[in-house]
Amino acid sequence: MVDTPGQSTAAFSRRALIATGALGLATAGGVGAAAVGTPASAGGTPARAAAGVTRRVTIYAEALPGNQFGYGLAPGQATVPGPILEIYEGDTLEITLVNTTTQRLSIHPHGVDYSVDSDGAPLNASFNNPGETRTYVWRSHEMVAAAGRRFMPGSAGYWHYHDHAMGDDHGTGGIARGLYGALIVRRRGDILPEKQFTVVFNEMMVNNKMAPNTPMFEANLSQRVEWIAIGHGNLFHTFHLHAHRWADNRTGMLEGPADPSQVIDNKDLNPGSSFGFQVLAGDGVGPGVWMYHCHVQQHSTAGMAGLFLVRNADGSMPPGAEEAIHRFQGHMKAAEDHTAHQ
Amino acid sequence: MVDTPGQSTAAFSRRALIATGALGLATAGGVGAAAVGTPASAGGTPARAAAGVTRRVTIYAEALPGNQFGYGLAPGQATVPGPILEIYEGDTLEITLVNTTTQRLSIHPHGVDYSVDSDGAPLNASFNNPGETRTYVWRSHEMVAAAGRRFMPGSAGYWHYHDHAMGDDHGTGGIARGLYGALIVRRRGDILPEKQFTVVFNEMMVNNKMAPNTPMFEANLSQRVEWIAIGHGNLFHTFHLHAHRWADNRTGMLEGPADPSQVIDNKDLNPGSSFGFQVLAGDGVGPGVWMYHCHVQQHSTAGMAGLFLVRNADGSMPPGAEEAIHRFQGHMKAAEDHTAHQ
Amino acid sequence: MVDTPGQSTAAFSRRALIATGALGLATAGGVGAAAVGTPASAGGTPARAAAGVTRRVTIYAEALPGNQFGYGLAPGQATVPGPILEIYEGDTLEITLVNTTTQRLSIHPHGVDYSVDSDGAPLNASFNNPGETRTYVWRSHEMVAAAGRRFMPGSAGYWHYHDHAMGDDHGTGGIARGLYGALIVRRRGDILPEKQFTVVFNEMMVNNKMAPNTPMFEANLSQRVEWIAIGHGNLFHTFHLHAHRWADNRTGMLEGPADPSQVIDNKDLNPGSSFGFQVLAGDGVGPGVWMYHCHVQQHSTAGMAGLFLVRNADGSMPPGAEEAIHRFQGHMKAAEDHTAHQ
């Protein structure tokens, strides 16, 4: 399979990033990643803070064709969105950002802990000048007991990172041109997926593309796939996925029969917000081509739509899938022509 | 009481739909609906999957006056919004959609399980041509245990259905003209309401009407009423109900003292999203006329507002209610005149 | 410290409001406020309804310079936003609203219980004419058991109040000019904060100000600060706070290891909605100047941004903080000049 930006498989970047320190990551003094399905502890109380590891990664910010910019884990490999970065609660991520461009830029994370010099914001003079290399340190922590049997929340979540310095002090230029990506902080015991897709709604685009050039995400029937959805820009959107649904909570799964979370298949995806969930591809609905799209009518019609191809369990194409893909490309092409003629 | 679109009583469509198979529904091999307040099981774990029933319903898509379209359970009975469809987790709903119009159209559900040929989307060649009859099958399921003591979510929720084929491949034309309705999937043990109201925020309208012609929902003091709120179109809204509130979770009620859900009386209601909740009419506040409205100032002022009339327990009008209703009609009429003169 | 609108300390208004009845509040026949960390009951079931107290407060609605209006707890002390009003579930708040202005206006609360004559809406003839004094009664209640082990929600929440009568029947004029404030209903056992900040996103402003004149909120390292965020007007926003995060539930804290709530640092803040949370200032990230801002790029760039100054534990300024503050004022001043020239 071709490596598509925003799409990763367990064999490629994600699992490696967590567990083996490949792709420029060096682990320092830490334990390995928890296995799938290992709960934090048996008794329902959080495990003691595990000895977090420090992972080091070099990220290259690069100019791309079409006035786009991207982050990548090696020179010449920048993509839009950037790579999925993934750690466990308690871990530290040290990012050496190499700015290969002629623009001021930075990397600013959501959710994790950082001191002012790793803020990534010009407010705190935290950015890379053109050609400059700078290290940002992102820490994370487990939940901490507070009074009244409550807990101050830990860092676990489907977060994201983005430029905060190109164009203006809020990174408006960098975000518009593709400097963003997913950041996942897992709680020990979280279920790990087999595939991951990053979907960024940014202005009227998905991952800075419009249909029919939006990403087609692929999985085999019953594979556990993880979606990380991120909002950026100036417009408000709602993310809808056909034939699949998830709980509107931290993991997208229910914590048990008393979990009160609403189950949804359509969710606001607005600037600066992110969420994630896992589904079993085609579970209960079968293989086929399913749309994901913004449910704002003018947005979906204009091209904020893409395909989730669920192949047969053996990887072969299900009946009708080729036709649906051609239909998607054709209809959307027609819409483009129509727009061009106006 | 006159049967108002978007408003149903236990004696009319809803209870019948669940329990007795009236109104064109045929049950096949299933058990009856659970009684109010019967928990799924005593021990806090989900009941074993009950033998789901298959219900069959014929829905007629019809043209209505004023360039509107509606779904109905019998010829000549189409309304905007369409009827409330309601099943239990595990049930299957077989919908025979009769397209009596000259337009291509379909029916696409949120939340439930369907194979590609019941997608309702032109992408999968799943729609009714003018005059055509086609059957769509919607299945549902209970939650399923996953690793780590988590559960993949079941189908229970306040969902909705809508056209996905009129005007363009996303049903923009059908949705704009009224082809939408509420779909409820209940978990066994859920509390059943005495009355139900469907509120659809679609562009600057409520159920495709503007004040003072928006629906006036009615209940007697302390009746358990269920609101199903649905968003459509291109605009973003917030739904506010005066003097009543609900938990921001699956049911609108708290699952117990440790349920962390925020309690709210104002919630985003954006294209493709839906939620529902139950309130006891006038509970703690007494009978009277209460407004529901979009809280975006320009939207409420322009007519995205309606009334919730809580009558006395015996059904009589509370003091001041008539005056408030006349005031609503008058003020809104004044706003209309003002707009017309500009 | 100067008393900044929207910012209160335990020594000033909040704690007094809850526990001692200062600032014009008179307690009537009630018990004192629960101490920090006292759970509602040991067994996980809600405590029996405590004997609620009735608190009486006089609020003055006043015209302010710059065509603004505000609510205040004494003549000449109106602010934008108005004072934080705070009670426990079960309490009643009797508000005598003195309208010192030449405009029709009212006070309408979210979340609490009120009969039609305290609705604050012209629909129910509930408002103050110019110069008029009128009493509004807001009641509250604890959760109540329903069938199926569920509970109808209590009143606890981060709510708000606002005008509903100036300019039009929805208070569009009063809200635009500053007639709004925070209302907190606590559950017994809730953790009380040391400082409180009210942030209102109203059109393109924060508390009706634009940067660099937006509020700079201040706390010392590790102080427990409570943020109450409120949305108003016509525009949609997302509230983002740098280097701090909270659970997306009633309190912002986790109820325990099984609390499924998503942890977030960016949340939709739209007209009529509100939420609140507590953070330990600079916890895990250290002292410094942290931005809060709307994450819609055009909004933050236009001035929907402010500062959260986390001082050292002893109240002294951390290194770099003065520079960051000057930078904020300068950059935003440059943006203003740039806008003015266009």
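Observations on the model:
Here the chain labels run A, B and C in written order, and each chain numbers its own residues starting at 1.
To be clear about the criterion, contacts are C-beta pairs under 8 Å (C-beta built on N, C-alpha and C of every residue); 3 or more make two chains touch, one makes a residue touch a chain.
Because the structure is a prediction, the values reported are computed rather than measured.
Between subunit A and subunit B the CA-based rotation angle works out to 120°, given as a multiple of 5.
Interface note: subunit B and subunit C, two copies of one sequence, contact each other through mostly non-matching residue numbers (shared numbers fall below half of all numbers used). Averaging C-alpha coordinates per chain places the centre of subunit B 33 Å away from that of subunit C. Subunit B has residues 236, 247, 251, 254-256, 259-261, 268 in contact with two or more other chains. Subunit C makes touch with subunit A in their complex at residues 36-39, 189-191, 236, 238, 240, 242-243, 245-247, 251-268, 280, 283-286, 288-291, 293, 295-298, 300-301, 305, 320, 323-324, 327-328, 331, 335.
Note for the complex: subunit B touches subunit A at residues 40, 44-46, 110-111, 113-116, 119, 121-125, 139, 141, 143, 146-157, 168-170, 172, 175-176, 231-234, 236, 247-251, 254-256, 259-261, 268, 270-275.
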